[in-house]
Amino acid sequence: MSKTSSGNYFEDFRLGQVIEHATPRTLTSGDVALYAALYGSRFAVQSSNVFATAIGYESAPIDDLLVFHTVFGKTVPDISLNAVANLGYADCRFLAAVYPGETLRATSEIIGLKENSSRQTGIVYVRSRGWRQDGRCVLDFVRWVMVRKRDPQAAPAGELVPSLPAALDGATLGHACPRLDISAYDFALSGSPYRFADYAPGERIDHIDGMTVEEAEHQMATRLYQNTARVHFNQFIESLGRFGRRLIYGGHVISLARALSFNGLANAFHVAAINGGRHVGPLFAGQTLFAWSSVLDKAELPGRGDVGALRVRTVATKDRPCTDYPDKAGEADDPSMILDLDYWVLIPR
Amino acid sequence: MSKTSSGNYFEDFRLGQVIEHATPRTLTSGDVALYAALYGSRFAVQSSNVFATAIGYESAPIDDLLVFHTVFGKTVPDISLNAVANLGYADCRFLAAVYPGETLRATSEIIGLKENSSRQTGIVYVRSRGWRQDGRCVLDFVRWVMVRKRDPQAAPAGELVPSLPAALDGATLGHACPRLDISAYDFALSGSPYRFADYAPGERIDHIDGMTVEEAEHQMATRLYQNTARVHFNQFIESLGRFGRRLIYGGHVISLARALSFNGLANAFHVAAINGGRHVGPLFAGQTLFAWSSVLDKAELPGRGDVGALRVRTVATKDRPCTDYPDKAGEADDPSMILDLDYWVLIPR
Amino acid sequence: MSKTSSGNYFEDFRLGQVIEHATPRTLTSGDVALYAALYGSRFAVQSSNVFATAIGYESAPIDDLLVFHTVFGKTVPDISLNAVANLGYADCRFLAAVYPGETLRATSEIIGLKENSSRQTGIVYVRSRGWRQDGRCVLDFVRWVMVRKRDPQAAPAGELVPSLPAALDGATLGHACPRLDISAYDFALSGSPYRFADYAPGERIDHIDGMTVEEAEHQMATRLYQNTARVHFNQFIESLGRFGRRLIYGGHVISLARALSFNGLANAFHVAAINGGRHVGPLFAGQTLFAWSSVLDKAELPGRGDVGALRVRTVATKDRPCTDYPDKAGEADDPSMILDLDYWVLIPR
């Protein structure tokens, strides 16, 4: 039997199967610095121990998306090494703050399987969880992925399309955010005076700035997350593939859009949940990412006067500024769109 | 009112205005490692906790220029987002050592304004300061920047060209350097036997080595400093601009030249002050930086037998080795010149 | 006398000469994070403090090759700045674990000299050692390098070709690995069930994955190691040289191959020794590295029931997958080969 892994194929997955993923990872201030260098994020809570402890964190928490990418990366060798496409996310909740020095591991449960009519591929629905060294679940999310079959004739090991929430209830969120003392939150240092009450559903924000991505950047990011998906690293193989070049990890796109969203959402310091998201199109090195957001909804958190939740939709485009909020035209996406993300952020009241 | 910032224009600044800049930043050993990876600096004091503590530091201090870039970066969103050019530096003093784990924030005071005759732009003179979490000022410097006007017809909010020192008095420097035990300074480990007494005004040093810069490198550096100047990151917009490409942050050039200067100035471990500097020409990715230095002056520090100050001029060039010390020809700069920096370094006696 | 160093030439070396290299270096979690971002290594012991301490390490040890590159880098300014080629390694032993926060310095002893018949160059044999702040030797290795002469007429300072072991005795290794509690070694988290007993001499493993290298990546790596070899950084000079471009540091190739070897050797968590190695051909940015390994030998460690040693040969290629184990054809190397490395790894029993 081969000692190497070529990843699982669609027919290898079983409903209810639980997979413990390799490699546990201690996140440190080194990872935090690299995350800063890769995205240039400027949220004060994640940037300054002094700012974070003044309001009630133990220290500056690790960026939520760095936690996400770390957990996601661990799932790749078992779940999506033979994926054709990462189709969607749902029910993603950040459940506990993670600080430098803490160690994460990941597990996944197969919650759905659906063979495609071509019998060449099937869709795998998986609930993945990230765990802190003390056994606390820090992240819980569902994604579904189209995975190749090894053998088109193989029978799928079951069929179930799970029922997933279109969006989380904002009022149930906030577990990863300690109760904060907003009187100690310095709105000059945070970069914006705008709070929960200042945002209204329907409001749109062009984040103005653009960020060009280089091959070395997305490769370093994706390796930092120990994500082994081949499409990101292997130009020799990709040169023969459908794009002719390396594809940038979708999570890199999310982190870039989130970093740009600081300009307009500077106090929305914590991603509490991701309702759903689509990687509408690929991003390649040399292209420039822009982003705009709209406020979809607002929610008070029961019993919490410190922070409220904004439901935000962020759209990222490539090589197209977002001054006029490029969007769908009926069913069709604007051709520049690369990301359409629906998530909840927490912001001081 | 828009929740996003497009930065200030010339007519937005007021004489005497004090700006508290966002985002406070805890510098860590992660930032130190990235700084090493970006520039390859080899000064023993900043590289080894053992070396640094042996001579009297609490631990290896953070590179002075990393402190500078961090503070500078914070000023960009408020001061120079609409700058046409960064014209000069003066009166820059490093006032306290910064160690990993410490947090910096920045403020700026508008100390001069001068509209240009075209009325399209004006010069803003600003004194910026970096502050440690304990309220101690770690860095104080003046820069002046040519900033666009939003409305050419707008009246400037005052006119004053401040008087600035051409150079600092070397004898007043050294506040960021604790009193050292030079008997514990190991000149084998530091890479050179040369001390204060070995350098003479007029002496010129070719730093020999060259360093080619890649887009990913300067982008990662500039994001690490949370510097948001668009010209460094946005190829889509810059492709339409005067150079057709991204401009490398001037501070990246300074750090590269400083790192190369190790070969010849290995014991000049601390930048105590910057008298002035000009970014003579732009540097672009793919070009190779070289540097040479001359000793302009020397100063003893009153009451200190441990270290003395050398006033150094470092010239950086692009795609041209510095074997023959390329310099000005009358008023004209050598066409390869990209940096002309005048600063004080401390070196063991 | 010039204050700058252009490095030593062949005739500058003396048999028995001992060189203390500049710059001591404290390795931190920042370096560990960068190492992860550069290579994407996934060995659990080096990745997780929880995993490492559970089995008996003080914390996650620093990757052996990061220790190697750090020590090697220090030797470059004195040993190989004027090298034409790095010819080989021998007798390389890792002697103590290194943890974040520890400081390394390096020394070298000239153990052999042999002028080439052209009298333009000569071979320098050097034993280099890395030392921890407490005086313990953490790494000891021999390399030999072809170094230019400054003056072809100069007489060499001696002639001696040292006797070097073709391979280390596996039974003498393991000093850098504390006695481990393998009952606490989690083979799900480590990514593979295969242990010492599961590998047999003669076995071959294709590591499957490929990794494309970018200029920014290998430059950042090599600067992180404070390695000053010009061929890696200076496109202006290299554009005039034999390849027309920057050469990637051979140690970067070794680290990439080692990271890829996780797929098939996931539990071989510690490089205990390097018997020998050849950089068969150069790697350039834009090329994709693949690797395969064979098990050459196995050794029990006297008195240790926790780990055993596998002697592994890893071959790396460029732009050629290793499905069919490309190798020598008689005396000739497969033209895709860039690395042929013979080393001992430790693996749980």
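Each chain gets a letter, A, B and C, in the order it is written, and its residues are counted from 1.
In this section, contacts are C-beta pairs under 8 Å (C-beta built on N, C-alpha and C of every residue); 3 or more make two chains touch, one makes a residue touch a chain.
The structure presented is a predicted model; accordingly, all values stated were derived computationally and were not measured.
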Same or different for chain A and chain B, where same means more than half of the interface numbers show up on both copies?
different
When chain A is superposed on chain C by its C-alpha atoms, the rotation angle in degrees, nearest 5
120
For the pair chain A and chain B, the C-alpha centroid-to-centroid distance in angstrom is 36
Residues of chain B that touch two or more other chains sit at 28-31, 33-34, 214-217, 220
Please name which positions on chain A make contact with chain C in the complex.
2-6, 20, 22-26, 28-31, 33-34, 77, 101, 103, 105, 133, 214-217, 219-224, 226, 228, 230, 233-237, 246
In the complex with chain A, residue positions of chain C that touch it
28-34, 36-40, 42-44, 47-51, 60, 100, 188-192, 194, 198-199, 205-212, 214-217, 220, 263-266, 286-288, 290, 319-321
